[in-house]
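Each structure below appears as structure tokens.
Next, two complexes with chain A in common: one pairs it with chain B, the other with chain C.
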Partner chain A sequence: MTARIKARVHVMLKDGVLDPQGEAVRHALGTLGFSGVQSVRQGKVIELELDADGPDQARDEVKAMCEKLLANTVIEKYDIEIL
Partner chain B sequence: MKAAIITFPGSNCDRDLAVAFEKAGAQVVRVWHKDTELPQGTDVVGVPGGFSFGDYLRCGAIAAQSPIARAVRDFAHKGGYVLGICNGFQILTETGLLPGALLRNVGLTYVCKTVELRVETTDSAFTSGYGRGQVIRIPIAHHDGNYNIDEDGLKLLRDQDRIAFTYVDNPNGSVADIAGVLSENRRVLGMMPHPERMCEPVHGGTDGSVLFRSLIGMMALG
Partner chain C sequence: MTARIKARVHVMLKDGVLDPQGEAVRHALGTLGFSGVQSVRQGKVIELELDADGPDQARDEVKAMCEKLLANTVIEKYDIEIL
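This part shows the complex of A and B:
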């Protein structure tokens, strides 16, 4: 039975890959007086709606999308939420 | 010698690249991103700079999934020569033809200026016209030129002498000052600087033309 399923993908730079944008945001927060911020990492959130035979199949399909296009696994990691 | 120059929506160095190949003696054929095959008899593919598909998602990510990218991958796997410049370099890393990835410049700014590069290896058709260690002047113009590769990958590049060019004064945070790398078979070169913009005296120098001339010359020798 096909259903319309919503999924959310979080894409982040892998730990250890320097994030110049996150670093700039951290610096700006410090300038604003948020002195306790030790680290900022910036990523992407991608929301999808897809037709699939249940959440398991949807997750498999979104995983394939991540591997092929949505993330560059050389530098990025991803996390999938089925909503 | 036939050079196929690819145009994606948002490419903006395709014509300059075509002229550089022509001046070096190649017959140039322009190829559209929706084409599924390279022209018969293609000897070298040029993947130009620009902002293919508006740099959406990641620089080069969408272009790497285009119909022509599959043909370029097959061509390279059969031992064809491929030159990717700037966005073309980003596209070649996204296709997996070259290792590593290009991240946002460490300074976060778009950097557009002529820089000094050191020729790290002369063992390739692209770099055989230079001297090892020679310093050349080539323009850069990019926002995402910060070359990233893990330690194992960097060791492999070094052990196999696959770093083609390094920056004398690192403008973008690239690992090991890397400006350009070669594939394992040394027939695919990706580089952020623009040699096609330094090919004629009116450009302010001709250091870039050496790359095109030596490439065309080496291919003529087979």
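This part shows the complex of A and C:
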């Protein structure tokens, strides 16, 4: 029996990869007076609703989506959460 | 005493607001054969490291950052997590 399952995927640049977008945010926060900010990394969050046979099957399917489309695994890491 | 605190902010479009980016991802997933996907919403995730006097003060500061810079509160909602 299929059920409607919600999943959340975080896609972030890998640790060694320069994040100019995060750096720009950090700089802008400094300009606005938030002086305590040490580092900023910015990524994507993707919330999906999908029909699957269960949480395990949903996780496998979302993993395949990440590998094929949602993340660029050369420079990005992803993290899947089934809600 | 100040401590180095990690925070994560999710910024998503509010529920009623059209999300063309998420819609494009949904369509692309369908094209790739992921037929069970019902809806996709895409947002931003921002990970910060900041110096603050404690978790409560950190949360207040991150909230101010969201209101001033990180989110457009007319069309976006945000959610703060202190890690």
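One rule holds in what follows: the second predicted complex is superposed on the first by the 83 of 83 C-alpha atoms of A that agree within 3 Å, B and C clash if a C-alpha of one lies under 4 Å from a C-alpha of the other, contacts with A are read in each partner's own complex, and residues count from 1 in each chain.
To be clear about the criterion, a residue touches a chain if its C-beta (ideal position, glycine included) is under 8 Å from a C-beta of that chain, and two chains touch if they have at least 3 such contacts.
Note that the coordinates shown come from a computational prediction; the quantities given were computed from them, not determined experimentally.
When the two complexes are overlaid on their common chain A, residue A:60 makes contact with neither chain B nor chain C. Once the two complexes are laid over each other on the shared chain, residue contacts for A:29 go to chain C alone; chain B is not touched.
In the overlay built on the shared chain, the residue A:43 is in contact with chain C alone; chain B does not reach it. By the touch criterion defined above, A:69 lies against chain B and chain C together after alignment on the C-alpha atoms of chain A.
By the document's definition of touching, of the two partners only chain C reaches A:12; chain B does not. When the shared chain is aligned, chain B comes close enough to touch A:20, but chain C does not. Once the two complexes are overlaid on the shared chain, A:81 sits clear of chain B and of chain C alike. Looking at the superposition, the partner that touches the larger set of chain A residues, chain B or chain C, turns out to be C.
Counting contacts by the rule stated earlier, residues 68-70 of chain A appear in both its interface with chain B and its interface with chain C. Of all the residues in chain C, the ones that touch chain A in their complex are 2, 4, 10, 12, 22, 25, 28-29, 32, 34, 36-52, 61, 64-65, 68-70.
Interface residues of chain A facing chain B in the complex, by the touch rule stated above, are 13, 17-18, 20-21, 24, 68-70, 72, 74-75.
By the touch criterion given at the top, residues 57-58, 61, 65, 93-94, 99-101, 103-108, 146, 148, 173 of chain B touch chain A in their complex.
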